[in-house]
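Some structures are shown below for you to check.
Both complexes below contain chain A, partnered by chain B and then by chain C.
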Partner chain A sequence: MNTHLRSRRALGLAVASALALALPACAEGGGGGSRSSGEASPGITDDSVTLGITTPLSGTTAGPGTCTVAGVKAYFGKKNADGGIEFGDGKTRKVEIEALDDTYDPQKAKANYDQLKNDVFAMTAGLGTPTNRAWREAAIADEVPQALIMTGDPLFSDTDESPMQLGFVPIYQNEGEAFGKLLAGSSQDHKVAILSQNDDFGEGYVEGFKSAVEDADNIEIVKELTYEATDTSVDAQITELSSTGADVIFNAMSVTPLTIAALQKAQQLNWKPSWFLPSNTSSPGAILQPGGATAYPGVYSVSFAKAPASPAFAQDEDVVEYLAALKQYGDYPEPPAFPHCQWSWMVGATLEQVFMKMEEPTRASFMEALRSVKDFEAPLMLPDTSVNTTEDGQPAVSTVVVQKYNGKGYDTVESFQ
Partner chain B sequence: MGTFVQLVVDGLSTGSVYAAIALAIVLVNQATGLINFAQGGMAVLAAYVAWALTNRGVPLVLAILLSIVFSFVLGAVVERYLMRRFERGDPDTAVVVTIGLLTLITGVAGWLWTYNNQSFPSLFPLDTVSFLGVSVSIRSIGTTLVIVVVMALLQALFVGTKLGLALRAVAINPQSASYSGLPVGRLLMVGWGLAAALGAVAGALVAPQLTLTPGMLDNALVYALAAVILGGLTSPVGVVVAAWIIGVLENLAAVYVPFIGYDLKVAVPFILIFVVLIVRPQGLFGRKTVVRV
Partner chain C sequence: MASASAVQATPSPSAASPAPSFTERPWVRRAGALLLLVVLVVAPLVLPQFANETLARVGVFAVAVLGLNVVMGYTGQVSLGQIFFLGLGAYVTAYGVQHDWNVVVVFLLACVVPAVAGLVVALAAARLGGLAIAMVTIALPIVGVPLAKRLGDVTGGSQGISARMGGAPEGSGLYNDQWTLYVVLVIGGIVFLLTRSLVRGKFGRAFAIVKGNEHVASSMGISPYRYKVLAFTIASLIGGVSGFLYMYVIQYTSPETMSFGHSIQLLAAMVIGGAGSIVGSILGGAYYVLVPQLTNEIDASLTALLQGAILLAVLFVLPGGLASLLRAVTRGRRRSGAGNGAAAPSTTPPSTAGSAPAAGEPETERHGHA
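Let's turn to the complex of A and B:
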C-alpha cells in the first residue's frame, strides 16, 4: 500500500489522503465475506449487533420512511429492555439500530450505505425502490446483507440476481394479482378502468392484475391511463376515465395527496365505481376519510398487517403491545397513519427469528438463516398470511388478503360484493 | 363535448392554484425587483400556522386571517433582517439566498410538524354544482373567485394607489426613489409583507387539495414560475391568465394530442414559454423595459 501511495503523491496531497482513507475501507469491505471460518463480521460483538438503515426521513416520502425505522427500533428497543436476543451461537446480544436519512434520493442512499457498511452487521428495513437499487450492486460486491427491505420490486427477491438481498413486503404483482383474482371470481360482468403510475410500481400492479383476469370472460378493461409521480393533479385522467362508465377502477397510485384528490374528483363527477387501492395508499385515516371513500360501493385494498386504528383490533394483544413499544422505544408518539410502521415491526420479529437460527456471527451465516424462515406468523400479521423466505423469486411476505373498507377500517373479504 | 368542457373547467381550477403562487411572485418582483423562490415555502409555513391554530380549536376563518397577519410580519422581518443585506449587491446572490431560504423553511416545517401529510380543512364544501353537463366543485369555484378578487386588488394597488406607485418606484430605481423622499426601507418591508400575506391566502386555498406537507408547493412553484414568465413579470392579470392557459392546455394536450399523452404533458407549458419568449420576450401581458440612454 505504501508504494501505491507514493506513486500517487505526484497527483497531489488531496488525492493521496483520499486514497489512504479509501484503501483500508476497501480491503476490509472486500474481505468481509471471505471470513467464513467463524471470525466475526463487522458490526457484531459478543454482546451486541448493529443494523443499518437508509430510508427517507425528510422530504415527501418521510411519513412512511420514518415508520420503517420506528417499527424495528420499537421492536428491538423492547427486546433489549427485556435483556436481548439469544442468537443461534448461544450468545445473547442487544440489537442497535443506526438509521440515516436519504430523502428518497438514490445518491444519498448510496452515500449512506458507504458510510454504514463497515460499522453495521447488516442493512435492513429501508424504504424505496430507486434508493435500494442504488446500492444493491455495491452490497453484493461487499457481501453486505440488504435484508428485508421495503420495496415491492421483484429484483430483490431473485436469488440469482440478488444473492445478498431479500425484499420484505409483497411484490407489486402479488397485490395486483390478489385483487384480479377476487374480481375474476365475481358472478357479474365488470368494466375496469386503470390508472397507474408511470414507473415500475404502476406497471407491476397492472401486470399482476392483468395476469389474474386474462382468462376471465366477465372482465373487460375499457381504458388504461397513466400519470407521473410528480404530477400535482390527476383530475384530467379521472375525468377521461369517468366517461367510460367503468364500474371498477384499478388505481395503482403511490402518492398520498393524489389518491385523496382522485377519490374526491370521481365523486364530484358523480362517477361511483368500486376502487382498488395499493396497500401503501389505502390508509383509512390519512387517505380514505379525507377522500370521502364511503361514497363508493366498495374500496378494496390488500393487506397482511392488522390495522391498529381499526376498532376490530383495538383490544388485540399484538396491537396493544406494539403501540406501547412504538411510543416508548420507537420515538413515535401517535398511532401511525402508515402501514410501514407495522411492517417494520414485523421486520424486527423476522430478524429475531433469523438471529435465533444464525449459528456463527458472520454475514454468510446470517444470509443462510435469512433464507430459512418458514411459515412464521409474525406479530400483527393477519390470519392466512405469513413470513416465508424459502421460496425463490418471492419476497418474505408474498401472501396478502383482499380487504374492503367499512367506513372505519378494513374487513377481510372472500368475494367481490 | 361534455368531456371537453369538463377538461377545460378542471384546467382552470388547477391553473388557479398555480396563479395564486404566481401572483405572490409578481408582487415581490414589482416591489423589490427580485424573484423570491421561497415564496411557496413561506406560503406553506403560513398554512401550517393556520393548521396548528385550527387544531387548538380556533375557527378556520380566524386561523387563516391570523396566519395572514403572521405572514405579513414574517415577510417584513425576512426583508429587513435577511434580504436587506443582499439587495444592494448582485441580484443573482439575492436569488440564491431565497433558494437557501426555501430549503431552510422546508426543513424547519418538517422538523416542527413532520413530513406526514396533514389534512387541512377546506374553506369551501366539497359539493358540486352541474351545468351544461359539467360538474364543477364549489371548492374550485371558490378558489378561482378568490384568485380573481386578489388579482383585481393587486392590479388596483399597483395602478391606482400611491402606495402602489411608491412600491413600483422603489423597485425600479431605489436610489432616485429615496432622493425623492420615499421611505425605501419601509416600502420594501411592506412589499415583502404583502407578498407573504398573499402567499398565506394561496397556502390556505390549496392545502386542502394537495394535503399539507413541507414540500406541498414545490411542484406548483415550477408551474407558477412558468406562468410568471409566460404572463409577464409586471402584470398580475397576465400571470393569472397565463396560469389558466397552462392548466387548460396541459389537460387538453394530454387527452387530444396522442403523442403527448399524460407522460409528456408536463412539457407543454415549457414549450409554450419558448414560443412566447421568441415572439414576445416581455411575456404575453408584460411591458417592455425601456432604458433611457
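Let's turn to the complex of A and C:
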C-alpha cells in the first residue's frame, strides 16, 4: 500500500499537468494510508480517531438519517469537551466524525465509502439496508470495520458472512418475536390478522412473530395479507382484514403515511382491534396522533430506548444530559422526532466501551473489542435491555421490551391486556 | 441563442498563431487523439485510488447519459425511463456473475436483454408522439422498482444483490481500482466511439430530421416511427452497457438503483452536460457523480439545496449545457483567428477531441437544448 502510493505520487507529479480531467477528484484522494501489521491503521493517531458515516441527509429518509449522525456527534462532542476518551492502549484520544450524505442511494453510499475508507478508522452508524449492503463486501475486502450500523438486516450480524460488520438495532425478527411472546402469554384467546410489507422487512417481522406464537393454543392467525412498499393505499387490505373480525392486527409496515392511513381506515370501518406496530413506525407525534390511535383498545410497539418526549423521562438524568448535548454538539436544536437520535447516542456510548477495550490502535484490535461488549447498559436504554455484542447471529441490541401507547407516549407492559 | 452571446463574452487566448484553423488540420487532430489515448492509458497508473474510483463512476454514468442523449438529445423523444435500462443491465450482470457465467456472455446479455426490452417498449411507445412517449417511459422505473422487489428469487428482493467481479487479474501488476478504470475506459470508449459514428452518419442525420420535423422526415422517405424505435432501442442497449459497468464498479444493485428520482437526475445531468452532444454526455456523467461529492464537501446536510442551486445556476448561465461552453470557447478562438498551437492540446480537456466542432457537422451538434 505504501509503496503503491509513493510511486503513484512521484509519477503523478511528472504527468500532473496533463491530467486536467481528473482535477476535481485528485485533490481528495491523496489521503492514503498504510495498513501493514503492527502499525496504526488509517484514521487513528496518538491523540485522535476519525469515524466515518454515510447516511441519508437529504431526500425522503433525511429525517432519521440526520438523527443517526446527530446522536453520535453529540455523544463524542461532549466526550471531547471533557478531554477525550482513554483507549485500551493507555492513550487519550478525541473522536472526530466525518459524515457524508448518500440520499439513500446505494451508488452514492459506495462512493462515500470509497472516499472515506483511507481516512477514517472505522465506519459506523449509517442508516439503511441497501446503502449499507452496497459496500459491505468492499469493506470486508478492504478490512474496514462497518460497526454498529442502523439496519435490521440479519446479514450484518452473521459473523461468518460479515466478519467486518455488526448491526446495532434489533433485527426485524427480534421485534416480531417480542410481541408474539407477549400475546402468547395472554390469558385470553386471540384472533390475529397480519398485514406485512412484501419484502425482507415484513417477512422478518412475521417470521419472528410466528416463531413466538407457534406453540400457543390461544392464538389463531386468521388471515395474512401483504402490500408493496411503493403502494399508495392499503385500504383494500384493511377492509378485507376487518371482515375477519380479528381482535389483533400485526401490522409490519415501514411506511409512515400508509401506517397513518391504515389506522384511519380501520376506524372508518368501525373495526377496533389492538395494533402491533414496528418500532420505526410507531412515533406518537408523527403517526399515532394523526392516525387517531386512541380509538383502539391498545397500540403496541417495541423499544429499547427511553423516549425523551415522554413525561415519564422528562427528569431522567440520561435524557437531560442527552438533550443538552444534542443541542450543543449535535447541531440538532429541536427535540428529536425519530428514535434514531437516541440509538445513535447509544452507538456512541457503545463505541466508547469498545475503544476502552481496544489494546492496539488497529482495525483488527477494534473488531476484537467490538465483539466483546457484554451486558452493557448504555445511557437511554430501558430497563431489561442491554448491549451485547458477543452473541453470533444477533445485533448489538437484540433485547426489546413491548410498550403500549398511553395517549401521549409509551409505557412498558408485562402482559397483554 | 445563449451560445451566441457566450461567444462574445469568451475571451480569446492572447497568443496568436498563424494557422487560423489549426485544430482542424488532420495531423493535429490525429496528434490530439493520440495524446488523449496516452493520457487515458497513463492516468489510471498515476492517479490516487479514490480519483480512479471516481473516474470509473463518472464513466458509468457518462455512458448512461450518452444513451439518453441518443434518444432525447439527438432524436428529440423525451425518455424518463433510462435508469430502468441501467438497472436491468445491472441485474442481468449480477445474476450472471452469481451463476458463474462467462463474463463475455454476461456482458452480451447485459446488452441484449435491455435492448430487447427497449425494443418492445419502443414498438408501442413510438406510435405516440411528443409527451405521450414521456408518459409511457415514466412507467418503466415506476414498474421496475416493485418488479425488482417482487422477483426476489432472481433480484434478491429489496435487499438487493451483490456481485464482486473486476478484481485485477493475477500477474497484471495492477491494483483493482486501476484495472476497473481500464475496463470502464475501454468499454465506455468503444461505446462512445460507436455512438459518435452513429450520430454523425446517415442515422444521425435521420435522427436530426425526425427531431426537427416528423412530417418533413416522412416526405423525405424517412419513417419517423422506425427511427424512433431504432433510437430508443440503441439507447436501451447503451443503458444496458452502463448497467454492466455499474455492476463492475459498484458491485451491488438494489431496486433503489432504478428509482424514478435517479431517472430525473440522469435527465438533469444530460441537460447540464449538453443535450445532443458527445462531450456533453461525459460532462453530464461527471456532473452526476462529482456534484454530490462536491456538495458533500461543502456541507453534508445541505446537499439537496446546493445541488438545486448549482442546477439552476448552470441552466441560467449556459442553457445549452456545459458542452456549449466548450463549443463557444473553440469557436471564439477560431473566429478571432488565434489557434494557440502550444496550448491547444493541453488546455482543451482531452475529451473534446471526440467532438471538436467542424464547420460541416450536422445541425444537432450545435443545438444544445432538449
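Basically, the second predicted complex is superposed on the first by the 380 of 417 C-alpha atoms of A that agree within 3 Å, B and C clash if a C-alpha of one lies under 4 Å from a C-alpha of the other, contacts with A are read in each partner's own complex, and residues count from 1 in each chain.
As a convention for this text, a residue touches a chain if its C-beta (ideal position, glycine included) is under 8 Å from a C-beta of that chain, and two chains touch if they have at least 3 such contacts.
The structure displayed is predicted, hence computed values, not measured ones.
Engineer: Looking at the overlay, what does A:D105 touch: chain B (first), chain C (second), both, or neither?
Structural biologist: Touch partner of A:D105: chain C, not chain B.
Engineer: Which touches a greater number of chain A residues, chain B or chain C?
Structural biologist: C
Engineer: A:L155 in the overlay: touching chain B, chain C, both, or neither? Say first, second, both or neither.
Structural biologist: Once the two structures are laid over each other on A, A:L155 reaches chain C alone.
Engineer: Using the touch definition from the top, say if A:P335 reaches chain B (first), chain C (second), both or neither.
Structural biologist: Touch partners of A:P335: none, neither chain B nor chain C.
Engineer: Does chain B (first) or chain C (second) touch A:P130, or do both, or does neither?
Structural biologist: A:P130 contacts chain C only, not chain B.
Engineer: Tell me which partner A:G298 touches in the superposition: chain B (first), chain C (second), both or neither.
Structural biologist: Touch partners of A:G298: none, neither chain B nor chain C.
Engineer: When the two structures are overlaid on chain A, which partner does A:N198 contact: first (chain B), second (chain C), both, or neither?
Structural biologist: In the superposition, A:N198 touches chain B and chain C alike.
Engineer: So, does A:T230 touch the first partner chain B, the second partner chain C, both, or neither?
Structural biologist: both
Engineer: With both complexes overlaid on chain A, does A:G88 touch chain B (first), chain C (second), both or neither?
Structural biologist: Neither partner.
Engineer: Check the residue A:G59 against both partner chains and state whether it touches chain B (first), chain C (second), both, or neither.
Structural biologist: Both partners, chain B and chain C.
Engineer: Can you give me the overlap between the chain B contact set and the chain C contact set on chain A?
Structural biologist: 58-59, 62, 66, 198, 228, 230
Engineer: For chain A, which residues are in contact with chain B within the complex?
Structural biologist: Of all residues in chain A, those touching chain B are 58-63, 65-66, 198, 225-228, 230-233, 235-237, 239-240, 243, 256-257, 260-261, 264, 267-270, 286, 289-290, 292, 337-338.
Engineer: Spell out the residues on chain B that touch chain A in their complex, using ranges where they run on.
Structural biologist: 2-3, 6-7, 10-11, 13-14, 17, 107, 110, 114-117, 119, 126, 128, 130, 135-137, 209-211, 213, 215-216, 219-220, 223, 250-251, 254-255, 261-263, 266
Engineer: Provide the residue numbers of chain C that touch chain A in the complex, in ascending order.
Structural biologist: Listed in rising order, the residues are 35, 39, 42-43, 45-55, 57, 142, 145-146, 149-150, 152, 157-160, 162, 164, 175, 246, 250-257, 259, 261-262, 286, 289-290, 292-297, 300-305, 346-347, 349-351.
Engineer: List the residues on chain A that touch chain C in their complex, please.
Structural biologist: Touch list, chain A to chain C: 4-5, 8-9, 11-12, 14-15, 17-22, 24-26, 28-32, 57-59, 62, 66, 99-101, 103-108, 110-112, 114-115, 118, 129-131, 133-138, 141, 153, 155, 198-201, 228-230, 331.
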